[in-house]
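Paired with subunit B in one complex and with subunit C in the other, subunit A is shared by the two complexes that follow.
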Partner chain A sequence: MPQGFAELLSRNAADLGLILPEVMVALAFIFGLVVELALPAKDAENAERRKTGTYVLLIGLLLALWINVNDMKAYVGSLDQAVTIYSTGRDGATVTVTRNTDMTSQDFIYSKMVVRDSFGTFVKFVLLLGTIVTVLVALNAKELESNGRGEFILLLAATCLGGMFLASSTNLLMLYLSLESLSIVSYAMAGFLRGDRKSSEAGLKYVMYGAMASGIMIFGISYLYGLTGTLNLDEVAAHFRGMEAGHAPHTRGALAAVLAMVFAGLLYKIAAVPFHYWAPDVYEGAPTTATGFFSVVPKAAGFAVLVRVIAAFFPIGDIDDQGFNFVTAEKVLTVVAILTMTIGNLAALGQSNAKRMLAYSSIAHAGYMLAGLAALSNANGAAAVLFYLVVYLLMNLGAFLVLVALENVRGSCDLDKLRGTIRREPLLGTALVIFLFSLTGMPPLAGFIGKYLIMLELASAGNWLLVVVMGLNSVISLYYYMRLAKAVAIDAPGETPVSGESNPPVLGVLAVGKVAMLLALFVWFEPVQKLCQQVMVPLLPSVDERFVAKPDAGSAVQDEARLTPAPSPEHLAATPEPER
Partner chain B sequence: MLLTALILLPLLGAIPLLIVRDNNAREIKVWAIMISVLTFLISLPLYFNYDPDGELFQFVELYRWFSLQGLRARFSLGVDGISALLIVLTTFIMPIALLGSWNYIKDRQKEFYLCMLVLETAMIGVFAAQDLFLFFVFFEASLIPMYLLIGIWGGDNCIYATTKFVLYTVFGSLLMFVAILFVYHKCGAAHFGIAHLTEQLAQLREAGMLSRAEEFWCFWAFALAFAIKLPLWPLHTWLPDAHVEAPTPGSVVLAAVLLKMGGYGFLRLVVPFFPMASEAYAPLLMVLCIVGIIYGSLMAFTQKDMKKLIAYSSVAHLGTCMLGIFSFTAVGVQGGAYQMLNHGISTGALFLLVGMLYERTHTRMIDYYGGIAKIVPVFTVCFVLVTLSSIGLPLTNGFVGEFTCLMGAFQRNPWFGVFGGLGVVLGAVYMLYLVKRVFFGKVIRQSNEHLADIGGREMALILPLLAMIFVMGIAPNPFFRRMQPAVEEYLRLSKAHKPAPVAPAPRTVAARPAPAAPVPVPQDATELPDVGNEP
Partner chain C sequence: MDAFAHGLVLADQGLLSSGPNNLFNYLILGGVLFALGIFAMVSRKNAVGILLGVELILNASGINFVAFARFNGHQAGYHGFDGQVFTLFIIVLAAAEAAVALALVLAVFQTHRTIEMDRVDELRM
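Coming up: the complex of A and B.
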């Protein structure tokens, strides 16, 4: 055996330690599968044994979460010294810009295929949390009872694994592979209810659309490789910026077209307009548990990688970058965000099935998050998106959790069938109303803070159009959320036969926990917001590259105090009042 | 600590209700009423200990809420004379509304009292907040319980009404939210403190940094939110629906307190923030008020449903109130603020009385009654007294309020006074016509002959309101004195921009250059003649 190979092997083995959460999830998946196969359950008596594999998996996921939290702490802690804040303005708006001063905050693994940084660990935390909650819900979902619950739960973990790699890939090939592994498992989950026509249809549609989208994306990636000679995200982006600067004007159009293809694949994953057509059908047909999961976990992973790609190509938070493509990207994102939220909301208005309604609403929420990204010149826009992801995880997963519980009782998610369920399930019904108001963005719930932060950062970036459109969209969304809330909480129960069993208490506990989190995040959102801003730091353009020689570097201030907007007179300088 | 305690008490009081198993236990009602009475007692120092000669804002509290990178929203509370009185009005009405629902609400009582207590927290919060962000949070938070109150315990068509109510309000307030963000960014403010933002905006305007277009857009975004809440004609259409469908306690709270948020918003935010735009659009808004007064009165005259009649009369009365607030005269603004309290008391009482009739006969149609004065004499006396207050007879609170409002309007422009005064005449017409049709004449229905007269519990509800009607009618001075500093501050802020010329309809969009020496410029000649701005 050549020595180089042995060295490589040992180094790779050592690198395994750096992706411990992923390894943990993979191990949990394998062990869960083995246990599942080793303890086959042929009859109802053995149903309890059937859950053993799930418990193994759950323990693995919790371990991964714990390791990941420790990782996150380490990375965020290393950033504390690395944040410098500049205040400066464009169009009279005051912008606070965060800069990365520390280049050691990222660890590249496997020839720069995968990166470990605070951003990745944060997103992985969100993904793991979403998966664990969904596993608990799936354990109590009636729809999965005779359909191989164990396998379904294992698939959840596999999706999560794909998402975790997706969130931390810095190589286009790795990005593609993890996106595919995420998607293929999702296809299986969408079509999981074997006897159900709608579910099969959902699975098939998902495969068709997904194959198409990833085909386009890999086509784009192959061209990117041809144009730049590398697949590393940062190197490709560097080439791209060089060419944009005029070194190779004839390739600029080609680059733009290719980039559009790559983005099409990513926007497909987060179901942004005009790549959203698959979402309503898939969401309606898939098992409700899977729908809740789809609307949160793969979407969070999709957003994570979208943020990474955007940050590589268009330096987020660089208000001085007035390059053609930067401004274009801002405009394109603005248009996509407006279309996504408006079309999602308008389509949700007429739905009579709660699942389909929430499917469209989740399209709208993708629009809100895209709006945060559209504030490209403001680094905190992306941080606000991360905050929104956390809140969205809580409230949307919460809403689907209650839907699963109500479906257990009523057997369907049609609004007609859900009427008056609050009398049957007072706790879960009340929780649903709270989740819906939070989704609308009503204080005193965290949904309001999420929307508020995005609007605030948009305002800082001077994108008032999106602020107004977001405000109007909230009004539209209020209408259909109220329809669902009304059906559940206000209407008298219909004639629908009700199943005798009541829901297991664990669902109630989960719902109450989420409501409590939503209230707590409303009052004490600041630490989480700060965390989101910190984890974004490694993705921001570094100070060494751009800011050291800047003439306005002198205006940097080291703490929270903000400067007067550039053209204002001296006496407008803010004087913070003493606080107690 | 007083204000925090006031805000938290109903909320904390609602928590034990969550764990009660029995949905309709008598203890629930007793507990909720006890909490609201306790809140009222705690709020009394706001009236008695508010020192009109002291600082403008008293009972001030300030806690850090969040402050990230220069963005500060704070849990900042405080009251001036007007908000102190509005808070006391809220806590005063609340026990009455809760006791009034003793027999009315039979279904899902636990949730009902829960909603009412949460609503009380939100309402007190709106009036106590001195931070714009906090204000907005409470302003919005009051919607959710009200949505449920109308939606769950309302009449046959309540879903339509409650949806309309919420959509109208949210539409306005979200536009206001955008404007709040804009204002915050524009002045590079250190925090969301209302007084601080007012000051920053004034400085910005003085420096010529706030372009006319910006001020006017923001003005309309704010004004729309509060005009919908108030409601100002032609944005009033949600109000009759909401009132008719709401349960009696909901109507009482809606009329007595929630509508006041609109007027309060104009007093506290719209005019102090944007005095220039307010001055320019005041004539337009006053015309809308007058249209509202006349339209509301005529609509009230034609109604067959008593609740709808009173709802339309609210449109007219609040029109009078806004007429005073927009007159920018000391008398008028005092009257406007006073009229807000009056309207809360007398319209609240009217809804309560109609609710009592409804409990007995299950109809609110005027046709159904007739001649019941002989059957329920005490009830009739109460109703007539409240009616007299509503139409502004001397010695009742309505007279003081309407008279001062109209005097202010008259000082600004006699025509406003004359047309606004029509409201008093028309008010007498439709209210007395209502009394005639319901209480006097022949008894037209046999079933009405056994109507029970007002009972002990109901008497306990209505007596405090009657007492307040006369106290505020005979001795308005303590109230005026407490509101005086706040009114003066409002007038100072509304005239802060005065050195600059004011055009009624802004055509120029470009930023104004900084004004030179303060040259007094007369009102624009195309305006209706101006009869002095000071009383």
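Coming up: the complex of A and C.
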């Protein structure tokens, strides 16, 4: 045995400490599965005992969340020691950029497969929070009662594990593996209700479209590997930028086509417009618990990896870099964002099923978040997206939570059957209306702040088109959200037979908690906004020059003044140091 | 030399060597397989047929990976083994994906008595 092997082994074992939250989730999954299998099979008397596996899992998830919060505290705790690293001048103005050394640190582990940084930790927090809430909802969902609830909940944790690795992968192999482990488990969850026509159809459609998208993405990755000889994301991007600089149009076209294949796979995961066809069908057919989960957790992981890939290929916030692909990427992202939000909102208008309506609405919200990414020249655009992810987690998961609760007693999510629910379920009905207000972006709620921050960053990047389109889209979305709110709160109750049982109080408690957090995030949004800006720092082009080759910035494109926001001292690391 | 050509390593002796055993031919094979896979996915109505198309695409990228690693792996800065390793993972994941997909196809057949994609279509409004 070579001597280096033992060394490698001990180092890898030590590295386990750096991915402790993931390890916890994996252990919880395994132990939960063992407990689930060890206990006696389907037996009505044992229904309570069969929840033991779930409780084991829940404890593991909570532990992972606790570890993750501690990690985040370690990153944030060093804020006081923030030091001024460099100051840079642009157009005569002197800008001092304060950077926190700890927030920028990135620990690359397992041959640079995975990275541990503040960005990944933040996203993992969102993923774990969403998963834990969904587990609590799934425990009280009637649709899963005779359908192996324990296994379903284990699948939630498995998806979360894939998402956590996806959010921290820096290697294309790791990216592909975690994307697939996220997707394959989701396929099974969509088709989970055995014998249910809609659920099996949703599962089949999900797996077919998903397999196509991942196949195209993997083909693109094979060319990226061939062109650059490496699978490390940063190195691929560095080679790519070196090749791209100053070449003939057909060369750029070929490179753009390869990159487009890779992005197709990622955009599929977040259901952005040319790749959104699967979403409404899957969301409608899947169990409601799964739909709420799909619209939040895999989407958050998808956005995390999208931010990582975009940050690698197109240096976010680098106002000096206005080469070909930077400007093109901005334009492409702008178009995709406009199409995604507009098509999502327009299609939602005519829906008569609350689940399908919220499916289209979640496409529109993906558009809003893409709009934040489209402000490439503004480093805080991506930070606004992170903020929106948190808000979106609260309000969308909240809306689906209430839908699950209403479905428990009504048996369906059709608008007709939801009429007048507020009279029988005053607490949940009111919560649903509040979530819908927040999804629209009404002022006393955090949804407003989320949209406002994205529009603010777009405006300071000079992308006024997107600001206007976002505003118009909010108005369109008002119509269908209020249609649902009216059905629930104002309309007279229909003839729908209502089951005598009432919902367990835990759902009401969760809903109230989310409403409270939405209100709190409206009032005290600044600390969270700052946190989002800080966790983005490791992904921004930095002083230690992450890119080997850089296209000549002194070209004619640079005179486009629209791409130069005025950096203020508060903008953490908004301005990278000029090379020259 | 054009840097793009350098990137593709078209000038590499592997590509220019005489005989059929060169990078170019393998890339052509991969491209043809990819095109056939896309064609199968678009034209087939049968769910299993679509799955076959997906498998073709996955194998096309596997061939690309191995060919790049084999013919360019000796170059400086080229991580030669990454391609082979990636292909192994593609094989494993293709199996996993096919297992889940076929289970879902079975579930659909039990409820719908058909696996023609255009007849499994209750969810369109």
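As a convention for this text, the second predicted complex is superposed on the first by the 508 of 580 C-alpha atoms of A that agree within 3 Å, B and C clash if a C-alpha of one lies under 4 Å from a C-alpha of the other, contacts with A are read in each partner's own complex, and residues count from 1 in each chain.
Here, a contact is a pair of C-beta atoms (placed from the backbone, for glycine too) under 8 Å apart; a residue touches a chain by one contact, two chains touch by 3 or more.
All values reported here derive from a predicted model rather than from experimental measurement.
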| In the superposed arrangement, which partner chain does A:230 touch: subunit B (first), subunit C (second), both, or neither? | second
- prompt: Once the shared chain is lined up, is A:530 touching subunit B (first), subunit C (second), both, or neither of them?
  reply: first
Practice task
Scan A:467 for contacts with subunit B and subunit C and give back first, second, both or neither.
Solution key: first
Now for A:151: first (subunit B), second (subunit C), both, or neither, which partner does it touch? neither
Listed in rising order, the residues of subunit C that touch subunit A in the complex are 2-4, 7-8, 27, 30, 34, 37, 41, 47, 50-51, 53-54, 57-58, 60-62, 64-65, 67-68, 72, 75, 77-79, 82-83, 85-86, 89-90, 93, 96-97, 100-101, 103-105, 107-108, 110-112, 117, 120-125
Listed in rising order, the residues of subunit A that touch subunit C in the complex are 173, 176-177, 180, 184, 187-188, 191, 194-198, 200-205, 207-208, 211-212, 214-216, 218-219, 221-223, 225-231, 239, 242-243, 247-248, 251, 254-255, 280-281, 284-285, 351, 356
Within their complex, subunit B touches subunit A through residues 62-72, 74, 136-138, 140-141, 143-144, 147-148, 151-152, 159, 163, 166-167, 170-171, 174-175, 177-178, 181-182, 184-191, 193, 196, 200, 203-204, 207, 209
Note: in the complex, subunit A contacts subunit B through residues 85, 87, 92-94, 96, 380, 437, 442-444, 448, 452, 455-456, 459-460, 464, 467-468, 471-472, 474-475, 478-479, 482, 486, 489-490, 523, 525-526, 529-530, 533, 560-562, 564-565, 567-569, 571-577, 579-580
